[in-house]
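Here the chain labels run A, B, C and D in written order, and each chain numbers its own residues starting at 1.
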Amino acid sequence: MIDPTLIEQQNDTRRAALQSDYDALAAQLDRRGIDIEALTARAEDFGVAVPSWGTGTGGTRFARFPGEGEPRDIFDKLDDCGVIHHLTGATPKVSLHIPWDKADPALLREKAAQLGLGFDAMNSNTFQDQPDQHLSYKFGSLSHADAATRAQAVEHNLECIEIGQKIGSRALTVWIGDGSNFPGQTSLSKQFDRYLASMQDIYAGLPEDWRIFSEHKMYEPAFYSTVVQDWGTSLMIAQELGPKAQCLVDLGHHAPNTNIEMIVARLIRAGKLGGFHFNDSKYGDDDLDAGTIEPYRLFLVFNELVELENTSGLDLAHMIDQSHNVTDPIESLMISAMEIERAFIQASLVDRGALADYQAANDALMASATLRQAFRTDVEPILAMARLRKNAAVDPVATYRASGYRVKVAETRPKVSGGSGGIV
Amino acid sequence: MIDPTLIEQQNDTRRAALQSDYDALAAQLDRRGIDIEALTARAEDFGVAVPSWGTGTGGTRFARFPGEGEPRDIFDKLDDCGVIHHLTGATPKVSLHIPWDKADPALLREKAAQLGLGFDAMNSNTFQDQPDQHLSYKFGSLSHADAATRAQAVEHNLECIEIGQKIGSRALTVWIGDGSNFPGQTSLSKQFDRYLASMQDIYAGLPEDWRIFSEHKMYEPAFYSTVVQDWGTSLMIAQELGPKAQCLVDLGHHAPNTNIEMIVARLIRAGKLGGFHFNDSKYGDDDLDAGTIEPYRLFLVFNELVELENTSGLDLAHMIDQSHNVTDPIESLMISAMEIERAFIQASLVDRGALADYQAANDALMASATLRQAFRTDVEPILAMARLRKNAAVDPVATYRASGYRVKVAETRPKVSGGSGGIV
Amino acid sequence: MIDPTLIEQQNDTRRAALQSDYDALAAQLDRRGIDIEALTARAEDFGVAVPSWGTGTGGTRFARFPGEGEPRDIFDKLDDCGVIHHLTGATPKVSLHIPWDKADPALLREKAAQLGLGFDAMNSNTFQDQPDQHLSYKFGSLSHADAATRAQAVEHNLECIEIGQKIGSRALTVWIGDGSNFPGQTSLSKQFDRYLASMQDIYAGLPEDWRIFSEHKMYEPAFYSTVVQDWGTSLMIAQELGPKAQCLVDLGHHAPNTNIEMIVARLIRAGKLGGFHFNDSKYGDDDLDAGTIEPYRLFLVFNELVELENTSGLDLAHMIDQSHNVTDPIESLMISAMEIERAFIQASLVDRGALADYQAANDALMASATLRQAFRTDVEPILAMARLRKNAAVDPVATYRASGYRVKVAETRPKVSGGSGGIV
Amino acid sequence: MIDPTLIEQQNDTRRAALQSDYDALAAQLDRRGIDIEALTARAEDFGVAVPSWGTGTGGTRFARFPGEGEPRDIFDKLDDCGVIHHLTGATPKVSLHIPWDKADPALLREKAAQLGLGFDAMNSNTFQDQPDQHLSYKFGSLSHADAATRAQAVEHNLECIEIGQKIGSRALTVWIGDGSNFPGQTSLSKQFDRYLASMQDIYAGLPEDWRIFSEHKMYEPAFYSTVVQDWGTSLMIAQELGPKAQCLVDLGHHAPNTNIEMIVARLIRAGKLGGFHFNDSKYGDDDLDAGTIEPYRLFLVFNELVELENTSGLDLAHMIDQSHNVTDPIESLMISAMEIERAFIQASLVDRGALADYQAANDALMASATLRQAFRTDVEPILAMARLRKNAAVDPVATYRASGYRVKVAETRPKVSGGSGGIV
């Protein structure tokens, strides 16, 4: 853990400048009829879950280049997640991936409690073969042509629920790589039927207060067809399964040029939006840090969420899902959490009364200018003040670097050699 | 109309070669366990509707370059559609667009009967303003912020149904350009609610034996958001409206890289596939001739249709929707109808038993080879023989050119000067 | 023209708030080691050319919905351009399109001088047929298979240069729609050879101090191939023609997902970047207002321009090229000019020393954070102060609306009926 | 090796049907004025190189699922390549990847000679770290910010040339993963300068009769920018380096919707097309089997190659580069080689005289129909007859399966456990 005294010392060096920027922003917002304190309160309340797997250096099919002090197991990962939350105050929960994070549930709860963390949605893994696995997922899992393989995959998901129940999770995210690489390899329709039947078996094992999230993805690892390829299919799944089934939107899982905020609005209307996997991308499922490639897109997603935040029954799981290939994963996760929070606060200061009037009058120019005014407002003082008030760091990255955390854990965590990716 | 004697003469010059190719193909297919006559019968039965508006030269927002003998009105267009059907034997129906094709229904029926044509789905137009129109569609139609404009658009659709009833149509296709050009211009959610309410009003006016088709499109003419932007939204609409509502798939209305055959399979499973607007494209809604850019994609769509052709309740409206900017529209429509029929016949000769076995065995290589074998089989002799047996032309384009039809109609149809497109 | 008194009155109501925001920003920038006055000076010096054709309401192939007070001719357009420049202080030049803007050069110079405007690059038009035109461009212009048609297109470009010389322009932008809609329609290689030969003829007629810009575009109006389809081809053209030939980058003319800032960097290295057509897009050549869809992308383009601004020989023509379909074109052009200027100033406050250090140390996280810090800085006070100091409007749109300009010109400019686009 | 007797036995069972199909096709082609024997001779002469790394099962960043009998080293890989060539007669050369395929050059030559194989272009690898490697390529190789790392990468490429010289290769393909994952991570311009300087060092070490191929790729493993991102940059590189430098086109390395055949035509005109990495793709660099996703696109590439085959100096290296994740790699490589050959033969039977006439007359419809007629001609009998005459297999996959080769090598090649890809 990061020494609270260090955080305080670091914050002290930034306190005066922050107050000055905060006051100036408060004055400007006041002129625009906006109460900065209400926004700061929203920032303080905001949280997004961190993926346990995001704390290790990721890679591509070509290579993986690990960094210093890679976490050895879920307990190291939780330590790293604790650092992220202590410095940002914005990541109170961790999302686990089974079997990667399999461990004694009691120990998991204990460790998380020590770090002030809770657990978000569980993630199953039927896109890889495990050393001791009976049947291979090379040709699919929940939608496999073979009934025994499907049963094995269902069983694994039920186990994820079981573990999740023991650690206080209340949702299961199901993402599979099933699909095909060639036209004709599978029957598109029969494969989907098999997928639905398997999901119904999992759904049957879902506790009363749990939800199951269906996550779509256009392609990869399957390169011709993917069983849950887009939100339309994901919606059909959630409708077929029942009220506890909802759709998860990963920002990087869409076709080029897709208007993601429309999907958000549609799924909310259908009562089927369950949550997000936040990240950013330029080409495919690049899994880059949220808000670093196209920040306005992230803002527009939150613009929908804020506009519709009072929708009855809306209960969103905000989670990060990224691959940190060239940065310190702890730093990337802190930056990402803050960029997501930034988009939320920017969307929160949209003048919705004026916007509605411009929309009603078909004043396209002023309506869009209204969104841009909110987006270009530099809300960093609000985010930093929220952190300060929660005893987190005004500047999390600088404080983290000052702490020497990475060097310290590298002393006990052994050096990892780079993998060659999946290519050979 | 094309002189039947000319068709016969033309066919005579090709009869021997055709018979020779047909016999060779029959022998080859026989070795593969396929009865060529069953395929020829399927080809004879196949039909796809021609769009009335496709008989005129199309254009882009930059320019339109009309050809000789452009049709002056719907009666000229029907003459052209008659030629297409007489030469290909594959386009028994015409789809009308209102108000472009507005005319005395009795005369329309009479004219069509003379030409041996029927009428397929009606198309409404609320993406343009007409000279005498009360309220403008500049900012939308069925989803407009203003109730009176929405009512006007609903009224127009009801009129289309009314006309359609008088001429024997049994479906209404609704495609609108509504959307927005800028983030914030409209509320994505409220605009959709308004659209649904308008569609419910139209649905309420639908005769018992009619269907209404919702047609999605990713973009254009709206360039930031489009109300019915993808098949997911189209599905939500069809579900919300009721059993008479189905989805229409236009092959050019998708995001880059989209796997369209999966959408076909999904919509069939949902009981919501109503039909197609066939065409081909490389970039956007290019509206090019079907099968000319990516013929294997067209084949894969038909592969789904043939695999699922015995699905209960499946009743598809096959229609062409293209823009012929640099060709004689009659020739393009003939070529397109034949390419669509080609894909259908190629898909019909897939060895489905072998395919299912390969799929069950995860033999990806042989499964995909099975599709490719069907695709690369040159079924032209089957298509030509089907035409010959229906007294259509073995070579429709050559016969059309020999007929001098275009030159003849150009004598009575006045020259049209080129438009400048929408750009200025 | 807008009454200077009105501008002053309007500015007076905003002066105090602006000064307050400016001072707060100055203090913050000062803490970051940045002199706000240097930035404001850069803002005052910045200019981007307005396209004459952008002052009229644009449209799509589906429809055009004109607004009130559409300009009747180039003199009305210049009036509108004058308003834009007077209110923003950022658009000192106008780019003409021939033959749309053909008029007595002396009168053009006189009118522009009255309005305080100059002329930027000339634009030729061989993508449409004009009423009195001898040979059609339906199948191409500079690359047409027919030598006489190519000669006609060359002649037109030479005339554009001639007009340009008389009004003080010093560059010709050549964008053509030539290409094909079907594989095989043209020989890709021969068509390019013909294009190059035509361009060499035009180049031969270029005055000593002129430049010729080659503008590429992926597709539209040609939908299978376009002769100048990407920057690689544009570079080949500029290399083949000679030192006076350079490449023009239109932000909306690229393939999906293209990294445009890399193209900017590459063309600068090749000594071949001539300038820009600014706009924004989500799907294709949407021609939306600059900075309204993906503002960070615009910033990243300017990040390259500022990083490389001292490159020897770099002399860029900054121009807007947009289609204003749902807004008042004057407002859209003002907003666009200001968004472009915003990106320039944001890019100007990047801490380039720190950035270079982070890059040298492979500190990807802090390097990218350095760019984001500049981007999220709200530089509106700098832009507004620059306008104030140039006697332009602190809030151009509000001042424009207060002026009642559009209503006034609508009294003398007759109402225009909507076109149907190119579709029929 | 496959027993020649088995091949003969297998061919005997197919000989009669093949002769029948061949004769029928000969008759049809004869009517079209085409001599089948000339085509069969072209097919016999055709060859495409096989990538050594393609003989092992590939994977994605999510997982790798090895098959039975995975090759242990380059000698096993050469055995597999030998099988592919013996059965298809179309893959006389192998392309090596260093250090994966590092071995005693004398042994490599001896082994290849035994198998009747030669060596095509060498491939260097600076996108992975090797166990004994001094400096890491995590942040780049030839364009790394650090001079020593660049020198190491240059040295590796020079070693590849050295090895290549000893085994009779005459070209080096350079593909690097260098780029960045975030805006700002690198200076786009300086990184390119460093890359060029490194390539000049390699170029300086190139033997007189060698060529160096620059291979571009839009993205992956870098997800924001890639140093050699498109053919425009690749062309700049080849121009800068000199006459021995040319561009390599991998069919899967382009932006969505890119017209690849235009790039082929442009690079040939620039005298800079060096060769291909053949494969197919639907989304990104999917590395699927050539001709299985969009066969018409492959045909259109060969249409350019055949049209321009007499271009002075044109000397193309045809190579396959694929990842075989769900098939037996030997089968996929055989299928791919045959699909490439198919496209070549289809392109060879285009009626180029008629095509040129249609193009000259702007007869877009018949010009494109001319290409389609060639494409839909089932040339399988020509390909099979060419194989038969070269003592290869009429049906390579069936014969391979009948041989039991995979089962046999699995007895000596140990089972490999699946990798987890690069993701964790």
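Throughout what follows, a contact is a pair of C-beta atoms (placed from the backbone, for glycine too) under 8 Å apart; a residue touches a chain by one contact, two chains touch by 3 or more.
Everything numeric here is computed off the predicted structure, so don't read it as measured data.
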| item | value |
| --- | --- |
| Topological distance between chain B and chain D, in contact steps | 1 |
| Touching chain C and also chain D, the following chains | A, B |
| Per Cα centroids, the chain farthest from chain B | A |
| Approximate Å spacing (C-alpha centroids) for the pair chain A, chain B | 42 |
| Multi-chain contact sites of chain A, meaning residues that touch two or more partners | 138-139, 180-183, 185, 218-219, 224, 256-257, 259, 282-283, 289, 292-293, 296, 326-327, 362, 364-365, 368-369, 372 |
| Contact set on chain B toward chain A in their complex | 138-139, 145, 180-190, 192-193, 218-219, 224-225, 229-233, 235-236, 254-259, 261-263, 265-266, 268-270, 296, 300, 303-304, 307-308, 355-356, 358-362, 364-365, 367-372 |
| Residue numbers on chain D that touch chain B, as the complex places them | 17, 20-21, 24, 27-28, 31, 256-257, 259, 282-283, 289, 291-297, 326-328, 331-332, 335, 342, 362, 364-366, 368-369, 372, 375-378, 380, 397 |
| Residue ranges of chain D in contact with chain A within the complex | 53, 56, 58-65, 100, 127-129, 131, 136-139, 177, 180-183, 185, 218-221, 223-224, 256, 281-284, 286-289, 292-293, 323, 325-327, 417-424 |
